[in-house]
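You will see two complexes here that share chain A, one where it goes with chain B and one where it goes with chain C.
For the complex of A and B:
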């Protein structure tokens, strides 16, 4: 009965449980969004939710432009999502993506305004500068965690605020960059803007390929390298990993560096987008508000099950419903409804991870699926059970990344 | 000297929201649940508290009675909202940090939606004058009278009452002892017949009551009776967590920590009137960063030596020993 075996295999595959949990979380969020729309304006609610789900493409004046903008705005969500998801694998929650994103955005702007480089080289340097900025800010959190055991969540939240004030101060104090009369930055030089993909009216640029490339690269790092293996092992059982000789401090630093660089790249790609109208560009307003992109990244990471390839789709989905939410203004609905939907989706996803874990465990017992996980723990188990360490017994698996 | 008196007068109404939210965090963590949702809970309390005041302000009720009514509304709002965290963290065994982050994101969105729809604004502006220029009789006491009973808000005194009540509840009642047991070793607590789930629900809901009240007191004492969905409570919920860690999960130390943090913040926002600071050419933004930088420095020195509840953040599993 090969057919039945295959169904069994699919059912027990950890991915399918994860997928089911994700769909449930999204459904709950959208259902609530629909109910709010019914409450706010019953007659158009059906059309409203349809517009949200289609990203507003059917009602847009220029469908190609709308599609382009969906992909353009997916770039920061995807890159910050990859950052959160990657750091997650180590068992840490990178709530600092917002700060790392803002730092990246500033460093990229600084390179754009201060280094007079020929076009073709300039934007590459700016992107690298953005990655550097994000990496610095991320490493700072990692350093606090690795060196003094500071709770990474609180440290990162504080660094989000500090980063925001710093960047706004630096922007306002830089006459080459800031135009006080308009209370925003000047237009980015054309040589620093990323190559456009040529959709008229859209900011879509090569950033989307960079982001997808980063996702694939991360997947390879996580699944095909020793570093990735150590990372996942540490996330599953930090004590076992340390006992097996893995350098947890170095792993924390390297992971936060990469996570920060990804978020910084997200900031750079956003600000360096090519202009829709020639002679202008995207600008930054220093208004002392924490960047929203970070929080959308958290949503993308959770929906994508912290899997780099999954995050590609979840980031595009989040960008889609946000553009759709803007388009729903056509029927009088406010964008805040989408923010509520995203928050509810994250809330549901927080316990849907449990559903996944449970299903995985059951599947593992029955058929030995989830072999990867058991094989991983088996290697360390023999040593751990020799009684050398008992600290990790109470908090294996998922509880580890709550701290 | 006048400047110092002014700074102390300004510090107290800022310290109270921090104190209450940190006490809330303490109850939650002492029961074993990390409450990162305090920021959202505070804003929700501020939102519903000011909304209640807004609807009642034309009824001829005196300002201080309105304050009490708003406080009750905010406490109830905080308690109800914190149930969402309790359900996720205790019953559904969710990741407490992620559930908390989601709850923090939800409040501003809901608040902005409601305020934009009802009032076409980003928040709620009330016309009530909560400020107390002088407390009768008590203001006459030399030194103390001027420091603590003039130019203040009733929130300061209410906050101190709640501090005393919290301390008694945590240390002098059977309930407090059981709550602390659940945060240290839930399995041991369960073995003597304590319902760990119920105690953790209680811990989270108390943190909701205190957090919601603290949020409303922020709206009264810091925002002059207003609340705003974009600026929210300016990270006070997160700062409160740092205050709680610095205060080592103990009420009196938390009081000291919150006074210290509030003082730094007050200094940061009144540099122009402090002669020494206004003469130094330092960008004002640095002062605004000060509370957050201090938090990190404090955490650097207290994280390793900290006396955190042992089972904090650990999902309770009946089967474990």
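For the complex of A and C:
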């Protein structure tokens, strides 16, 4: 009997349902992706999907480097994902991660080029500057929402464009930063680059630890603190939060500030990555394109069920299949195929939420009150779709992927 | 053996984890009013949904005039002459009465709607049964009582012989209730058979011929109303003796706790304020009851008092302190407890655990928080204490997700939280809405206990019986104003009812309330408890 109770408890735990939903989403997404690959090139589809799933590690010339790059590219996905997931707990959709990410990237670059600081201090200042940039941009959305009632999605989409054009303008107008002949930024000073983890050929750096640390910290904030309690209460039932005397304006601001700072940190970690070839660095090209990292972050947040710990895995997974996708070029597949697979995974995630809601509804008919939940899931759904409609451009080589 | 029009024999209906109907037998005679009585979740609505074809039972059979029938959907039910007035009306709001009645049975000529014939029939029916419905009126413009009559017309238009009424009086004013009961009696006299679901014993005693009682999905028995008493019915329903009237000590009120001075609150829609120039006071050791038909400003009055709505004009003074502009938290700390009208909207975070919900108004107090971190152990302990004291039942104690609890226990949780915290004024809005007799008894006793401890209580209720039973002083609200003050010992439900429907009129029929739309949203809360 107690054994049965435990099983019951695990089965009833909300976490297990969302975990199942995630697994289901990934599985059906990959299945559909496989079908698409079959259509695109039937002969190599089997090998192709295997390469995608393994992140291209088995076929890479340097497996360690490939693994390193997977984790390196997971950092911005993870940090922007955390941003989206955290803000989502309050019931808001932070589609503005892309803008906050770009702002963070620029602030970090600015600190890197403008403050001549000793190494060991310089990159720390640059990271903090990046967080500040993202936080400013996030807070702007929060201010509009809290004081003027502007829908955060609309405000954030606008701010994405404003931020991107501003940054591109600032970059091009800054001779210390911009190398007009190459249409990209100059190499970041070595003192501003993050400490490498020492995998040769890989940009992997301490950023991954910062990101995972941030995830754990967020989890603690959400589940153990008074602030997290207010945040969750507001997200689950804003009316009850008001009734309980919570200050919704302040909570919106603080949450957007934290969300923005996370996305900004993502931007900073990307641009400050240590160079693979000494004397060079990651660079930024002001080509008027919204940063794609933000949209990957949205995907990671949804796939991770907006749970900080879940997002760690979903971000790494997304990075893995993206790297795998690049490697699938060996079999003649283009990266667009992988974008489709990711898109399908996300769509399936929303479907599995739907399925979960349906089963819950049947179970709850008597206890009543499915209304709020379905409201929430509706939000989920529309949010997901809006995230999908604005996917950025494809990515190219190693420097352009930060876009 | 008597002739039954409908026999539901040995009906068993199971939902995942719950046996909603367990071997229930209900037989309906021709021309009788048969009441169906039971607590929340007793299985009344499930049983009626089975009869109306919304659910299929696992076991049992349904017979119409002795012949076994299978009812797969409401259309089948309709063909068999079974009609139902749902608790939440199924009307198209921006259609006229006539269009609503015709809907699904449109008479056509050359592909065009033929209204004339239908209109004539609707007028005929309306006249014959004294329904006084205007077929051309827009449904959204007529009162709730009239909307209900449209639902009744729909059944009559379809020549239904078996009429199911699912808690029809819950939304009506006393006068309207009286009229509805008369209409029902008229139907029965014409040979139509009526199934009448209700919580209210008084109505059963007034109109029903027989009554079937369900308890926790089980059949308890069927009794002749002539040979039974209210006490017996409530005992059958709850399974124990229930005190129907709350016992109260004589007690004189103390100093003034709350003073409301010329309060005006803007309405959400429209220019007319929801609360207009209202002044009254509540003293310690006193329960002030506010009676009124739903939508006459009671909700807004309490929202303004607790800080959920801004005050447009006037002043709120709590124990000498002006709280007109104070935030919700400040008011809460100043000693206002609030049992909200809509527990799902305001009172609870349904996806939080019981422990998390129990501290919803106190989580910042040092007892539960330190250095910005929540003290989970203290929360759990506190929740367990409240659970024990208020007998809140749940699947797994303090860890239970509140959404999974029954409506009655959710309400108990809210009441436990608000009553237990330090307070000087308790604003209780519809604290017993949708609760069964046993739970009502409990809640009313808690209110009286608050009063005996010297707290001030402001009780807003649509149930006149409750207002009369519990209050020390009664204020009646009509269209945002207080139209009368009464001593419960010297007034009657009838007198209050006239004031509730607009003091100066004599008839007090539903017509006068035209245009007053019911807030359907808050009604849903009470509807959901039904099994």
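FYI, the second predicted complex is superposed on the first by the 351 of 403 C-alpha atoms of A that agree within 3 Å, B and C clash if a C-alpha of one lies under 4 Å from a C-alpha of the other, contacts with A are read in each partner's own complex, and residues count from 1 in each chain.
Here is the rule we use: a contact is a pair of C-beta atoms (placed from the backbone, for glycine too) under 8 Å apart; a residue touches a chain by one contact, two chains touch by 3 or more.
Computed from a predicted model, the values in this text were never measured in an experiment.
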| item | value |
| --- | --- |
| Contacts of A:242 with chain B and chain C, given as first, second, both or neither | second |
| Touched partner set for A:336, first chain B, second chain C, both or neither | first |
| Residue contacts on chain A - larger count, chain B or chain C | B |
| First, second, both or neither for A:307, with chain B first and chain C second | neither |
| Contacts of A:225 with chain B and chain C, given as first, second, both or neither | second |
| Partner chain in contact with A:139 - chain B first, chain C second, else both or neither | neither |
| Which of chain B and chain C A:157 touches, first, second, both or neither | first |
| Chain B versus chain C as contact partner of A:102, first or second or both or neither | neither |
| In the complex with chain C, residue positions of chain A that touch it | 9, 14, 224-227, 229, 232-233, 236-237, 239-247, 362-369, 371-373 |
| In the complex, chain C residues that touch chain A | 15-18, 20, 41, 306, 308, 327-332, 338, 340, 344-352, 356, 360-361, 363-364, 369, 372-374, 376, 396, 401, 403-407, 524, 528-529, 531 |
| Contacting residues of chain B [partner chain A, same complex] | 34, 36, 84, 88, 92-99, 101-103, 105-106, 108-110, 112-113, 116-117, 230, 235, 238, 241-242, 245, 283, 285-286, 288-289, 292-293, 295-296, 299-301, 303-304, 313-315, 320 |
| Touching residues on chain A, where the partner in the complex is chain B | 36, 40, 93, 95, 144, 148-151, 153-155, 157-159, 161-162, 165-166, 168-169, 173, 289, 295, 298, 302, 334, 336-337, 339-340, 342-344, 346-347, 349-351, 353-354, 394-395, 398-399, 401-403 |
